[in-house]
Structure formats: structure tokens, C-alpha cells
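Please see the structure below; I have some questions.
Residue numbering begins at 1 within each chain, and the chains themselves are lettered A, B, C and D in the order written.
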Amino acid sequence: MGQALELVIASRTLAEHGVIDAYGHATVRSESDPQRYLMARNLAPELVTEPDILELDLDSRPVDAKGRALYQERFIHGEIYKARPDVMAIVHNHSPSVVPFACTGHALRPIFHMSAFVGLGVPSWDIRDAQAGSDMLVKTAYLGRHLAGCLGSHPAVLMRGHGSTVVAENLQRAVGRAIYLEMNARMQFQATLLAGPSGRIVFMDDAEVAANVSWQNYERSWNLWRTKALAKLEAERKGEATP
Amino acid sequence: MGQALELVIASRTLAEHGVIDAYGHATVRSESDPQRYLMARNLAPELVTEPDILELDLDSRPVDAKGRALYQERFIHGEIYKARPDVMAIVHNHSPSVVPFACTGHALRPIFHMSAFVGLGVPSWDIRDAQAGSDMLVKTAYLGRHLAGCLGSHPAVLMRGHGSTVVAENLQRAVGRAIYLEMNARMQFQATLLAGPSGRIVFMDDAEVAANVSWQNYERSWNLWRTKALAKLEAERKGEATP
Amino acid sequence: MGQALELVIASRTLAEHGVIDAYGHATVRSESDPQRYLMARNLAPELVTEPDILELDLDSRPVDAKGRALYQERFIHGEIYKARPDVMAIVHNHSPSVVPFACTGHALRPIFHMSAFVGLGVPSWDIRDAQAGSDMLVKTAYLGRHLAGCLGSHPAVLMRGHGSTVVAENLQRAVGRAIYLEMNARMQFQATLLAGPSGRIVFMDDAEVAANVSWQNYERSWNLWRTKALAKLEAERKGEATP
Amino acid sequence: MGQALELVIASRTLAEHGVIDAYGHATVRSESDPQRYLMARNLAPELVTEPDILELDLDSRPVDAKGRALYQERFIHGEIYKARPDVMAIVHNHSPSVVPFACTGHALRPIFHMSAFVGLGVPSWDIRDAQAGSDMLVKTAYLGRHLAGCLGSHPAVLMRGHGSTVVAENLQRAVGRAIYLEMNARMQFQATLLAGPSGRIVFMDDAEVAANVSWQNYERSWNLWRTKALAKLEAERKGEATP
């Protein structure tokens, strides 16, 4: 399957799971040229089809924009791909349960084995540390670099008042991590309230995290998501379904 | 696209997002006559089609009622349009996460960049300050004026035991604000519990609010909502979908 | 519209809103004989069609069972119809947000104008006060009478570890009340947490409750629910939709 | 109805209710050979059809794998069937509200009559007690036996950082219990917060639990779930629905 179609599937899956609404975006590094990445034109992810996928260089300039508008926050992706040669796919999103953690200084911890990657550390970034009085969007290379610096070698970074950015070695892992980051936040919120001020929560320990993360590619999920997205795309093509 | 069709799209989008159930209503000021506004006849928003759209003057009298029943709370709209020449669209709704804020004296604060307008101030109105023993509905010009007075120059006003009213310079912004007001309330509720009694929440500051609000028109969302609503309307016309 | 079809619409609407899953039931007192009431045979409410509607006397014996199994808890309905000549419709359900109130001794109070009837008082019934070691079901006339006694002249009664029973002067009002009882519980739960141990919540006062309850028939909602349910029934008949 | 089709219905019902996403699995002990059990090949439950059902022995080796990949955690099932001759069906799942209980040491208690079986005791298992530094998966016979030991004679066991495993004397009871275990956890979470640190919650007592559990087979639910699943399967076969 081509990378463009995979990116369509990823975009629609994230929308389907409520991880992305009209905003947020998934990208994948080009298999043929690691100095480029694929990203949809400026469009709500659940409307994306293959012809909407563009190629950008790592300075986030389109190779051929085909007259299409670009996402303003593409610099999140370009600058992370520059800083992290190991990263092959990125999801930026506003999943709702994550936001209350970043603005209260509560660190996400790995509470659920499907979210084990959280145990690799999820730092929290405040755009104010890079620029005072911003409109909160990462719309310059400078801000993208600053965010990438905070991400460091971690699998995800929270963005205060905004959402999160999740990275991985392949697209399906990035999508799975974005979905299960939200799930971890929901579970940790509930556990925090149950435990109370002096309460104790048993999180996954480092050895458990390492053992799980080493292989977790969300294969069975990806098979399900791909099956459903392809069926939906086919129905849209036949006019039997609407977006 | 005509204003009536835009209002149909707005009504259905608000229902789709759970911001409005059978109650609540969106209106838009007439482009051809700023002393008039467009509003559906008394009907659940998710059933509204173009022929249901009526024109009312700013005293909330229909220009031609066509024998149709009117929403009792139309005075919310007429009186705000009178008091606020800058306002071109209004959404009144009962989105569920907002109600617990108004009745506990917790002020909504801007916790999420998509809801930055909350930082312009969202006052809370108690109908008791205007009329004791009311049935809670804003069904007179007097109550509408009182509510408009509390709204002042702000983008939204909470209504104790009832819901909220959101205003904007155009319809898509009003719809976006209604949806993200609910989202802000959900996130702030969770952050408040996570932070605890003595906890600290980092909200957007005034400069961040100003920078974001200046351009935020929910363009990409509106494109998605319009696409989906038009497809649904077309399917209903063909008999391939039911309301 | 006949009472049987109205009851089908009510049953499906309650299922659609998550107020009833496979359990719970709506009934209506017969218009032609006030000593009888209409109730579906023992079937999940979202599967009910007109031929499933049976007539029972107030001792909850079927006039003609047509070989169909009956709901075990029909005595809830029969005994309330006996005790409350003003009651024309009853909904028994397990809506999830209500259960935590009954078992913690937190009284529901009217927090939302669509739920104003809560202000008429919603007592809480514990089946243990009638029978120790029961299986929690109201499956005898004795238990039905005991529950009716606790309900008294109120519009609803919570049932510890079980759910609630809601009554009204007509079917659409009973359905609306069941839906908005759940909504009130959700909002009051959130307000209680926001307010904290020593916090204050402004509920509707008695005059506001009286002014609202006097006319609230959920007319616009009922029109929406009926439109959607009839369209679904028609699609099922044509084989274009499945239950 | 054959056991394979029943297992398809169970799998899809669990997915439909959000109790299982792509992970988790239901199994049933073979009617013809109690030393064998039926389980789908390694596939997301909502995609399962009859040809995907395989037969395994109690050491969790497939009788004929037909070249299909197996679920890694099949040992949960095989080892419990060995240890518990009374158990005829098992559901392993990650339903989200259960996880915060296991990791905070809060025991689930029976708060809702549909979840009465919780009162038979739901122990909590920590995989660390069997193996340090695991990847959290029960993918060996040893781990399956250890889990079965913790389950003992109870109807369910929580798994720290993972989910739960639910057992019953027949498949529909196991499915019903998995769905209502999640519901019990949601209600108990809310009741715990409402009750506060020193608060009191009235749970079902032992006699009530015993009276309810003795007959509760979720018959009416199963009829609904089967009707809906069969209609969906038929529509998929005709190409009128996609997974």
C-alpha cells in the first residue's frame, strides 16, 4: 500500500476515534527521500483522500503545492523530522483528556499496557517559554525547533493549552500512540480522583514499559482501522456513503 | 451560499455536536437589512430546512410568520442584535458541561486555544436578578434586554440553570464558539479536579487570547461541517436518509 | 395517533437516548379504560413494534397475553396507576447517572430548567425497607405498592442499586422527564464536585420550579423523537434498516 | 444456533458496547468436548465471522490452526478452563473504567443490580506477583495459571494496568457480565466521588447478591444483541454494510 493511502487511513482513523476533530494532522516521512515528508493539504482529516496528500521538504516547504493551502503548523512536523532521524511518522492533535494534564503540571504516567510508551517520558511544553503572547500555534520554524527540543528523545510531548504531538518509527505506531495517549489520560484522571490527595497509584514500572514498548505496533488495531477506512472510502467512491 | 442555507447548516451542526438537542437556536442578522434577523420557525434544529427560516425584526416580530409558530425565546436574539451592532450571529444553547459552572460561581477561563475567546470574559447571568419566580425562559423583550446588559461587550454569557448564549461577527464563528465553549468547560472541569483545592491551572494569558481571537474563524471546521450537512440534506432529499 | 404506536415511539426514544438499554419499560394508561394500561411484551424496548403492545389490568394481569411473556416488574406500573389516578404514563429505567445518587444519600435537586420537575421532590426508595434479601426486582404487587407509597405524589422516585421510575400526566412528558432526570443527575454530579465539600450550588427555587413545571410537555422534543422514530420504523418495514 | 455463530455474536456485541476495542477476546468451551474451547483467530473482534473460529485444547494449542495466527493471550482462557470445570465461557477485555480501580487498590463492590455478580467477589491480580518486568501480557501457561489462581472461584478478576477477565456458566452470561462490570465501575467511581472521603455508599448486601445472581442470564439483552448482530452480518453478506 502506498504511503499516501496509508496517510488517508491514518487521518480518518484519528477522526473516527475523536483524537482529531477538524484540526490536528498526521504525517509520514517519505520512504523514497528521508528529507521529505507527506502531509495532507489544509483540510479536515476526515475529508482527506489520496489526491490531497502533498510532499514537503524538512523546512516544510511544499515540493509542489498544486495551488493548495497548507496547514500553518506544518513546522511541528518538519522540525521534528530534522531533529529526530529515527522518527518516521508524527501525529499532532488536540485530544481532550490530555489538555487538563499539561496546564496543571500533572505528568502523564503509564497506567495501561496499551499506553506503555507513556513510560518513556512525556514532557510538557509551554509555548510561552519560546514566545510570549503567541496565538498558541506552532507556525514558524523557530517554534517547531523549540518544541522538538522539549520533545527530545521522547515518544510524545504535551503542549499547554493546546494538545500533544506524538512520534513513532512508523505510521501505525504513531496513530496507535495518539489514540492510547488519550486513553491513558482518561484512566489516569479517574485513578487520580479515586486515589485522593494522599493516594497511591501503581503505574507500570520501567522494566514493564521497556518490555512492552519494544514490540507494540498496534498491528491488530491497524488491521481493523484499515479495513474500516478502506470500506468507507470505497462506499464514498460509489456514492453509497457521504463524508 | 444564501444566509438561510447557512443557518440550516449551522443548526444541524450544533445538533450533531450535542451542543443543542431539541432546544436552543442559531440566528444570523440579515445581510440585506441589519434591522432584521433570520431564525427558524419553532422546530428542533436537526429537522430545520430552508423553508423553515423566517425573518424577524429586532423587536422579534416576524415579517411574515407564514402561519408558523415562533420560538418563545426569540427575544434573546432580537435584544442582543439591538444592543450589539457588531454582532452578526447568535447561538443560544444548553450544552451540558457549561451549566455546572454558572450555578457554582466558577468562572470559565480560557484553557484551550480553540476556545481562546473565553478569555475575553464570559459573565454569568441569573434570571432572578431580572425577575423572581420566572419559568427560566427569556420570553419577553425585558428579559432579553437584561440578558444583553449582562453580556455587555463579551462573546458569551452563561445563564444560571439554563445554558449559554454565544455571539460573533459571523455565523461560523458563533457556531465554532458554541462548540468550543462546551469543550472548554469539559477541560476546565477536569483540570479543576486534578488541580485540587489549592491547585494552580495555567490558563491562556491576555496576550495569547488577543493574538488567537483576532483571526479565529473556525474555517477548516466550517468547511467540514458544511460538507457533511450538505451531503445529509442531499441524501434526505433523495429519500436515502431520514432526519 | 394510536396509543400503541405512541408507546413504540416512546420505547425507541428512550433506548436511543441511553436511558434504557435492554431493560426498563414505558407504559401508558388506556384512554378507553382507565383501569387498564398498555405495555410491551417482554422485549428490549428498541425492538418493540405495535403488535408487541399488550393491555394489562391494574393488577398487572394481561387482558389477553397472546402467549407472550410479560415483564416481571410490571407491578411497578400497575400499582402506581392504582395509587395515582392523575398518572397517565410511567417510565421505569436504569439511566446510569442516577444510580450513584440513590446509594450515597445525595438528593437530586433541580439544577437545569429542562429538569424543573425534579424540584417537585424525588424521594429515594430502598427495597430493603420492604423486603430483606430480595433480588432487587419489583416483581410482586406488594413491592409495587411499597414503591408507590414512597413515590407518593412526586414525579419520580429513585430506586437504590437499581434506577428510577418516572411518572407524568401524559406519555411525552414521562419520556421527557426520564431523559432530563438523567441529564440533571450528570450536571448535579459535576456541580457537586466543582463546588467542593463546603461549596454552594444555586438550584432552581420553588417558584421557578412551579412556573416551569406547569407547562413543560417537551413538545418540540416529542416532535423530533416521533419524526425520527417513525422514519426508522418505516425504513425497517421496507427492509432498508435493521433494528 | 451453533457455538461458532454464538461466539461471533458475542465478539461483535462486546465491540459494539466499547468493552473490547481491537484487543480482548471471548471464548466458549466446546459442547462436544469439554477439553477444548472455541476462540477466533488473531483478529479484531468486530471483524470476526464464523470461518475465523478455531478450536483449541486446554493447553491452548489449536486442533487445526488452518495457518491462522493465534491470540498471544489464549493462555488466559485455556488455564481458566482447566482450573474451573464450571466455567463454560470467558471474556478478556480492557474496558476503560475498570483499570483505575485495579491500580488504586479500590475494590469493586456491587452497586447496581445488573452487576450483582460483582458481589461474589472480584479479586485484583498484579502480574508482577508472577513475573517481574513482563510486557504485561498473559502469554504463557505459567502466567495463565497464576491468573486463574487469583481468580479462584470468583466470577471476574481485575488485572492491574491491563483490564479484566470475566467468566460464567454460559456465553451470554459472560458477555453480560463483561458489559455490566464496566457499568458498575463507572457508577462506583461516581458514587465514590459523591460520597467523599468519609462518605458512605450502600452497596447490595450478600443476600441481595445471591438472590439476583442465581438467575441473571441477561436473556432480554442477549435477544437484542443477537438480533442486531445477525442483521449486521446479513447486511455485510449482501454488501449493504461494511464492517
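Following the convention adopted for this analysis, a contact is a pair of C-beta atoms (placed from the backbone, for glycine too) under 8 Å apart; a residue touches a chain by one contact, two chains touch by 3 or more.
Only a predicted model underlies this, so the values are computations on that prediction, with no experimental measurement involved.
When the CA atoms of chain C are superposed on chain D, the rotation angle comes to 90 degrees (nearest 5).
Using the mean of the Cα atoms as each chain's centre, the chain most removed from chain C is A. Centre-to-centre, using mean CA coordinates, chain B is 31 Å away from chain C. In whole angstrom, the spacing between the mean C-alpha positions of chain A and chain C is 44.
Shared interface positions of chain D, i.e. residues touching 2 or more other chains, are given as 193. The touch graph of these protein chains is a ring, one cycle where each chain has exactly two neighbours. Touching chain pairs in this entry, ordered by label, are A-B, A-D, B-C, C-D. Residues 110-114, 116, 183, 186-188, 190-191, 193-196, 199-205, 207-208, 210-212, 214-215, 218, 220-221, 223-224, 227-228, 231-232, 234-235 of chain B touch chain A in their complex. Within the complex formed with chain C, the residues of chain B that make contact are 21-23, 42-44, 46-47, 94, 96-97, 99-101, 103-106, 126, 128, 132-137, 160-162, 189, 192-193, 197, 242-243.
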